[in-house]
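Both of the next two complexes hold chain A, though its partner changes from chain B to chain C.
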Partner chain A sequence: MAYFGNNQQRGELQELYIDLNDLNFEKKKEAIKKVIAYMTVGKDVSQLFQSVIKCLEFQDIEMKKLIYLYIVNYSRQKPDDAIMVIQNFRKDVRKSENPLVRALAIRTFGCLRVPKLNEYLIEPLKDCIQDDDPYVRKTAVLCVPKVFEVSPELCPAILEQLQKLLEKESNALVLANLIQSMREIEVLYGKQLIILNPKIIQKLLLAVDECIEWGQIFILDYLATHDPVDSKQAETIIERSLPRLSHINPTVTFCAVKLILKYLDYLDNGDLVKNLCKKISPSIISLLSWNQPEIQYTILRNISLILQKFPILFENEVKVFFCSFNEPYYIKYEKLEIMVRICDSKNFLQVLNELKIYINEADPHFVRKTIKSIGKIAIMYDKALQEAVTILIEFAKNVQQANEPVQELFIQMQILYRKNRYLYKSNDSLKILFNILEYANEPEAKSACAWIVGEFAEFIPKSVEKMQEYIDHFLLEDRLVQLQLLTSGVKLYIKYPSLCSALIQQLINSAKDSFNPDVRDRTYIYWRLLSTDPELVKNLVCYQVKGSQQFQKDIRLWETKDLIIALENMGSISNLFHKLPNQLYKNIKVRNNHQKEAKIYKVDDKLESPSKEQQIKNDQQNQPPQQNQDLDLLNFEEPASNNNQSNNKNKIDVYDLI
Partner chain B sequence: MFSQIFILSPRGDTIINRDFRSDLPKSTPETFFRQAKTYSGDANPLFTVDCIQFAHIKRGGLYIVGTSRFNLQPAMSLELLDRLAKEIKDFCGVINEEVLRKNFILIYEILDESFDFGYPQLMATEQIKPLIVNDPIQPQPDSVMNSLRPKIQTFNIFVPNTIGSQAVQRSVLNKNQANEIFVDIYEKLNVLFNSSAYVINQSIEGCIQMTSFLQGNPPLKLALNDDLQIGRQQGQYSAGVILDDCNFHECVNANELDMNKTLRIQPPDGQFVVMNYRISGDYAAPFRLFPIIEEISSSKIEVTIKLKACFDAKIIASYATIRIPIPKQTANAYTELVKNAQQETAEYDSNKKMVEWQIKKLNGGQERSLKIKLTLQATQTAHTARKEIGPIAMNFEIPMFNVSRLQIKYLRIEERGNTTNPHRWVRYITQSSSYVCRI
Partner chain C sequence: MISSIVFINHKGEILIYRVYKDDITRSETTQFCAKIVATKENKECPIINIDGTSFIHITIKDIVVLATTKVNVNVAMTLQFLYQLVKVCRAYFGGEFDENCIKKHFVLIYEILDEVMDYGVPQIADADLLKKYIQEGGLKPELMNDVEKLKQLTSQATGATSWRPPNLVYRKNEVYLDVIESVNVLMSVKGTILKADVAGSIQVKCLLSGMPECKFGMNDKLLMQREPRKPGQTTTDKGITIDDLKFHQCVKLPKFDKERAITFIPPDGQFELMTYRITENINLPFKIMPVYNELGKNKLEIRVKIKSIFEKNLFATNLAIKIPVPKNTANVTTNSAIGKAKHEPDQQGVIWRIKKYPGDFEALLRCEIDLGQTTNQQPWIKPPISMEFQVPMFTASGLRVRFLRIYEKAGYKPTKWIRYITKAGEYLHRL
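Right, the complex of A and B next:
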């Protein structure tokens, strides 16, 4: 069978060979088309190399295109044969009247990627860069990085030529290609090649107006990496890029947004900045209604980034981020995130009212995220607390089964109670929650329940029974739940010493031999504390904070210094993952940035000084770990170590923690 | 940028494979296809395997794929592939496996002009037309296979199902064609009502789309409403048409828009979007929905929905579909239409727990209503169940009508002296995007 198959293929090749060498032109052409068809499918037709390149002598451009396609594919397999083509190439480049042929030849030449052929290429390439026809020039310019990649040692003269071309080139498309190809070489070369001066910038800006859209992207993208020398220059560049904001291609618009946002930092004039922001935001919002959800998604991911630096852009625009019912869920999740970020002291009620409706959606995961968002907003704005509790309790009333949203409900309610203890009184919240306590099945939700039972034991009629139930299954629980049960158990014991003495004994007995060192340590600490000074334990464990606690959640996505790098890569795939490019790709080096602080553009007109921002951040870091609910590590380590050496000095800290 | 571009058949055979940078293994098409098959349903438009980014779109059942190892811009890559598909369609008339296989040389040509070293170059049909030497080969017109094939996907952003256009499925290279131009104004509505039919949020996404078969591509002048205004100031109310924002195709010169409300257009061949616009202000919603929910007993609920068409009586809306989610604990639902209702159906889908109400035709000014009688399972009471009803979502299409009142005053072909006066076709179409009433 194999023999038969081979034979047949050889037969096909044989036929093609005969046709290729036929004197009839049409027959040759048909044969070449067949060769290309085989090549596309992946059959090896490299044996016909000699016969194919013989056909190059015809001046038929269609035939030439086909043959070049063939040569590009097989030149690396047959470098020795490929040398024979060189003469033809050089002839095409030098002698042909037709710019199409010249460009075709140089384009194909660049794709050969055979080091020993490249030396023959340099001279024709130089000619083409100086060609009269822009079509040839634009092709030649892109040829340089192709050659540079394979044999950089041949290129210094050409690089100089490129720099000269940059100064005198007048065709927009050639300029755009030139910029792109020089940038590519810069990466390979590791040196800066493009030296911008005001004249060149002026020219690039002119080119943007005339260029095709992809060229506009190249140029805008390049200008966005440039640091303007002064406010005046920044202003000119911004002004010239403004019309791009209303381009139909979303990438062009987005590149313009990126450029302008970057240059805003360099402007001295505050009013101008405000006006510009007013012009940018409608464009970004239009991108959001782009008909492909995939593109909407990339824009949304980037907006959460932009928001951190430019809250001013979406002032009064929160409605834009309301979810419509027919959107894909990945868009809805992203919009939820943004709604939380965009929320401020003025519009939080509007946002909460919207979230209230999402709670009734069908998708449990979406509802869970909604509940989490409500919690986040309540933590940020004291005034929102009451409303948030009302919404969540209303939801709790209808809970009938253990599902995802219920888990989140417990977690968020616990955080809200921690923020303001007196919330337990409102809306019968405690009673309603207690009724559905059995639906908690995720460790985090269970530990939240355990906390609630311990904290509000005196207001829950059956708290001791409930705790007994938990402790009976102590060993089956997750570590997180065990730790919380310990603390809550001790709280109960202090509140009802006589009722709970058996209970605490059972608790300590089951926990003291735990394999988990954290659980074991905490057990011993409580045990010793209780046996030495119960009064101290009472002060420690049952400390009640007056009023609401001042903790907030840090919802910023990025560290300031990373934010700047991220903004420079706006729109790229790394930002889609909310990662820095070098975290995603090993081969990408990030430009070192010396700017340590980012200017934040707030709604209230005043530009907040970076130092203050830093201050807030530091404060937040010193906050107790309630905010780090996600990081369970912090949640138990600190109480344990702090309790161990509890003296008056760090008492306050400890109270907060428990 | 892109390292390779390839086109795969639905079975994973390579139809076109162009390697621009030779920096990736030759086996990427197989890698792609294997990965794409692991998704249930359509594959993600963008995914990564071994540090290689694959971006793809699906057209006519074919995968058009771009690969890269760079930090590319996802929005741009998808847009590029989409443009490429549009070019191929402009040249070949349609995209399907047979046509692509027959025209693979032409497609290599298109690819070579559109991309160099993976960077996009000339990507507009009329720009590369002079550079292409091959003619498209049309597939056998009336073969049985063709008629069996599902309808070819068009590149309309909006695909109307009421008025078919003669403009689709035609190659721009066909020289003997009528000298004509089609102008479509599409508007998609987003409206959110609360239960008392008060509008909470509304917006319009619209576009003016042209399909040009004008010979010699003469410059055009398109005039819009005199009372058009672009950019909304806060707290401003005006009787005119206010667009919040708009953007234009490259061939459009919008310098005179503010002054004379005219656009100067240098039309390319084939289909293109002249202008996209967005309106967030108040407009009269074409349909109003009035839901009434009554608890008859602890296990019975009655939902009455009234629909009112608030537009001119001459205009007819078509394919209006209204979906009403009902409680999961519903035991039975019974729908009741007005007596001798015509071209109207209401059905209860017990799997999805949804009532679907379809109205084939609805004249402006008319009212319709539907009554749904629900019987609940014993486990739930009417009081808690009623919260699960809704939101009501509506889909519709209204031909020859637009909500924004944006209008084309005239479309003038600037080049005089041409003996034949080209045909100009103008259509208006309004569709629902998200038309929702909360209960």
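Right, the complex of A and C next:
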């Protein structure tokens, strides 16, 4: 603790200088520790470089490590002084009998990162790669990318040496480091270095059994990027990786899951695939209940990917994603999202019942997401609609202030009403909502309210007064709200022409002064239309969709064509952000994908004869003709855009009218 | 891979700063400290991206342990490595991990960091193994000059059984087994079980000489089906279904995968042999039956009945049942035949503690809650009732250890001890 005092005075470096040059060994060592402490807190102690490296003459290993740490930190600032330590390193690497010292020297040597020093390093490095001691070898192997990064021109011979080592190395740990090291170089080099053949694959699989946990991860991770040549090879590799599912390190398990899932596509034997799925599923579920929330989070972020390609793995497992009261919210958000994705025609009621509980939680953001999820489920499953409205209206009864969840409530209720207009009758929903309209303050929620008032004017006792209130502050509203008010106002006028003539006049007067050109344009269109053909307006704005409407039901996260690349990168940062690696990192090239198409593994293909995949495709194909209606319903942009051409002509007339 | 490992205190000050690749500047890291750690945003998500640099971190009490990177690393591995790093530090510091001991042992931590990671790639990070060649105050000079010993050390460290040093000798060979089960259960308001599972762990303390080969067996249904029936033996024990098992690195996984046999050469001393998860046929040791009544505007009544569902000769110990009460609780009167119940405002609940609770027994607690006046008209959001307990010599899953066979060249007969205990994990009943 003493080293971290804040009382740095001017002479402190001077004092350290004196201590470092003291003849007393203990004093020197204390001074070195102080130097490192200053370095840690970010003070510049590079001036002491020469004095520090002088202390290298002692054979005390603890001090040596500290000095090396210091040198690594400042070597780039003082390349000329760093040359002085080269002899020391070379002596350690070549002469020391102690493998720990040899390894330490070669490890540190690589970190100097001064190009002109690297030429002194090549020869000792070559020796170390051939060292008798595996501990030195595993260190030397990792030293190569360090050198390559700074001076690639010095390395061709060493790269060849590495490739040879891959053929003959028998120590599992060295092999694992070797794979990792060569992969790092491949990224820097842009060329393939590791050339897999059946013999090497065999060796790697053997090494997985003998290696420390991290080594197992490197090897499994690497094999997951490999495309097996045939079903037989895929089967062998899967078989040899299966035992890793029982490893206590969650990442080892997860890498094994990734590898197996990827190779499933290459298997010919359908029964084998089913059996494997049965084995993998419990492993993933164990990972999901891992007691370290951070790990749990990373796994959860990858679930939507697995779920999309392998729905079969989570059959009947929706309960796993139920939130516990005391979990961190970042976990709860993920679980909520997955619950919507995992929801199907069998379990939606179970999910809704669970969401009903979350809606009473304290965190407004979480409650908001819950409400949104309820809305999403209701859109996907017609049968869920009634239950969803019941839950939301029950919630609406207790609303007492304008908060985040209430905003979402209005937005979702509007969508549900659109899906089925007659819902307004159930649970007195309209009346209850009307009582809390004043709590809407976000533009989207306000616009939803305005829509409700216009759409159901005849069932709301004071709809005209309410609209009047809104219109009084028209120009203060957001563009979204203004557009909606415009349409709703017109609707109201058509429903009660005599009652609303003043209202519509005021509305048009305010709206034509809006700062927003869209709003002004639409105002003129309505104005023009109302004055020429009110009947047409009626057909336009009081349009009611017959039959069921198309809503966006596709909640897939990934494009089907990206599934394989995403799967290969399971667990990585890019997947955590639900992106492909090349979308997040500019220097990563997308690997050429030899596979035709990613297979989707469903519970039972026969049950859904046009598979979901196709259904979604169909939906998408059906979309274009429907889309206009959707747009109309969602944004009320449609009348404008549809009549755009004619409007342009009309515009002149409208101006004339003014 | 990883560019640097940083330890940060809750104020956002850097305590340890070890760089493995210099593609991330110190100022980027201090920016993270100032923006995220000092504002407590680190509790919101374990990974944060700022301008192409990823900050992956865990928070242990007040200390943030951070790994930075600019490449597409495996996040799960990085997090697991950070946890492992903390575990190693704790092993060195006698279980402690706080700002004081980090500052006190910073030299040692740098040595550890030098060893457990190289060029951002995780390396040997097993505390027992590291202790052999990294010690506070440096290694003894005898070892440093004893080339044979050093060779033995490095070959152990890089070998296939890195967890066990050769040539151990114990005068008395002993093995202690602890089966510890945590029951997690979530019951709905009506008392139906929404989800229930057992997270089990088998802890072993091994004091054995030489290189013993151990074989461990439980009443695992899948294993017992494979075993040939002994003639004349009719067992009713069909075994239990275990959903998933995870093993310590010493267990030979391929053998388990093929034969479902658990075989291993144990590390020396204490270790966690395995963890397991069971969801079928769980014997919940306690049933909770709450009744919630609103007696007028400012008065609530909560009655909680608990019932133990295990044999009469067993006892549960250290029960604590937490019944949540609203924030504006002014006064609580409790009434129960056994144990002590008390309103603890800092926990926002009534805690009902019972030291010892017999099997097959019912007890009732009645709480009358008077509420104070508040301006906040929000309805009370009721957290679930939670429960803590321990039931020794009981396993909620019904798991039993059937054998632990130990083979060693010397042919000694070790003494074996075994204990079972079931604890409450998240034992919740919605109110």
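A few notes on this one:
One rule holds in what follows: the second predicted complex is superposed on the first by the 470 of 658 C-alpha atoms of A that agree within 3 Å, B and C clash if a C-alpha of one lies under 4 Å from a C-alpha of the other, contacts with A are read in each partner's own complex, and residues count from 1 in each chain.
As a convention for this text, a contact is a pair of C-beta atoms (placed from the backbone, for glycine too) under 8 Å apart; a residue touches a chain by one contact, two chains touch by 3 or more.
Treat the numbers as computed from the prediction; the structure is a model and nothing was measured.
In the superposition on chain A, A:369 makes contact with neither chain B nor chain C.
By the document's definition of touching, both partners, chain B and chain C, reach A:251. Counting the residues of chain A that each partner touches, chain B and chain C differ, and the larger count belongs to C. By the touch criterion defined above, A:341 reaches neither chain B nor chain C. After overlaying the two complexes on the shared chain, residue contacts for A:113 are found with chain B and with chain C alike.
After overlaying the two complexes on the shared chain, residue contacts for A:209 are found with chain C alone; chain B is out of touch.
Within the superposed three-chain model, A:574 lies in touch with chain B and with chain C [touch as defined at top]. Of the residues of chain A, those at positions 33, 36-37, 40-42, 61-62, 65-66, 69, 73, 76, 100, 107, 110-111, 113, 138-139, 142-143, 145-146, 173, 177, 180-181, 212-214, 217-218, 246-251, 253-254, 282-283, 285-286, 289, 291-292, 294-295, 298-299, 319, 322, 324-326, 357, 360, 362, 398, 569, 571-574, 576, 581, 584-585, 588 touch chain B in one of the two structures and chain C in the other.
By the touch criterion stated above, chain A contacts chain C in their complex at residues 1, 3-4, 33, 36-37, 39-42, 59-63, 65-66, 69, 72-73, 76, 97-100, 104, 107, 110-111, 113, 133-136, 138-139, 142-143, 145-146, 171-174, 177, 180-181, 184, 187, 209-210, 212-214, 217-218, 221, 240, 242-244, 246-251, 253-255, 282-283, 285-286, 289, 291-295, 297-299, 319-320, 322, 324-326, 328-330, 354, 357, 360-362, 398, 400-401, 569, 571-574, 576-577, 581, 584-585, 588. Within the complex formed with chain A, the residues of chain B that make contact are 13-17, 19-20, 22, 45-46, 51, 53, 69-76, 78-80, 104-105, 108-109, 112, 116-117, 119-124, 127, 131, 133-134, 157, 190, 192, 201, 203, 205, 231, 234, 244-250, 254, 273, 275-276, 278, 325, 384, 387-388, 391, 393, 433-434, 436, 438.
Here chain C touches chain A in the complex through residues 1, 13-19, 22, 26, 30, 43-47, 49, 54, 58, 69, 71-77, 79-81, 83, 100, 103-104, 106-107, 110-111, 114, 118-119, 121-126, 133, 137-139, 144-145, 147, 150-151, 154-155, 157-160, 162, 184, 186, 194-195, 197, 199, 243-249, 251, 253-254, 256-257, 272, 274-275, 277, 377-379, 381-384, 426, 428, 430, going by the rule given at the top. Every residue of chain A that touches chain B in the complex is listed here, in rising order: 33, 36-37, 40-42, 61-62, 65-66, 69, 73, 76, 100, 107, 110-111, 113, 138-139, 142-143, 145-146, 173, 177, 180-181, 212-214, 217-218, 245-251, 253-254, 282-283, 285-286, 289, 291-292, 294-295, 298-299, 316, 319, 322, 324-327, 357, 360, 362, 398, 569, 571-574, 576, 581, 584-585, 587-588.
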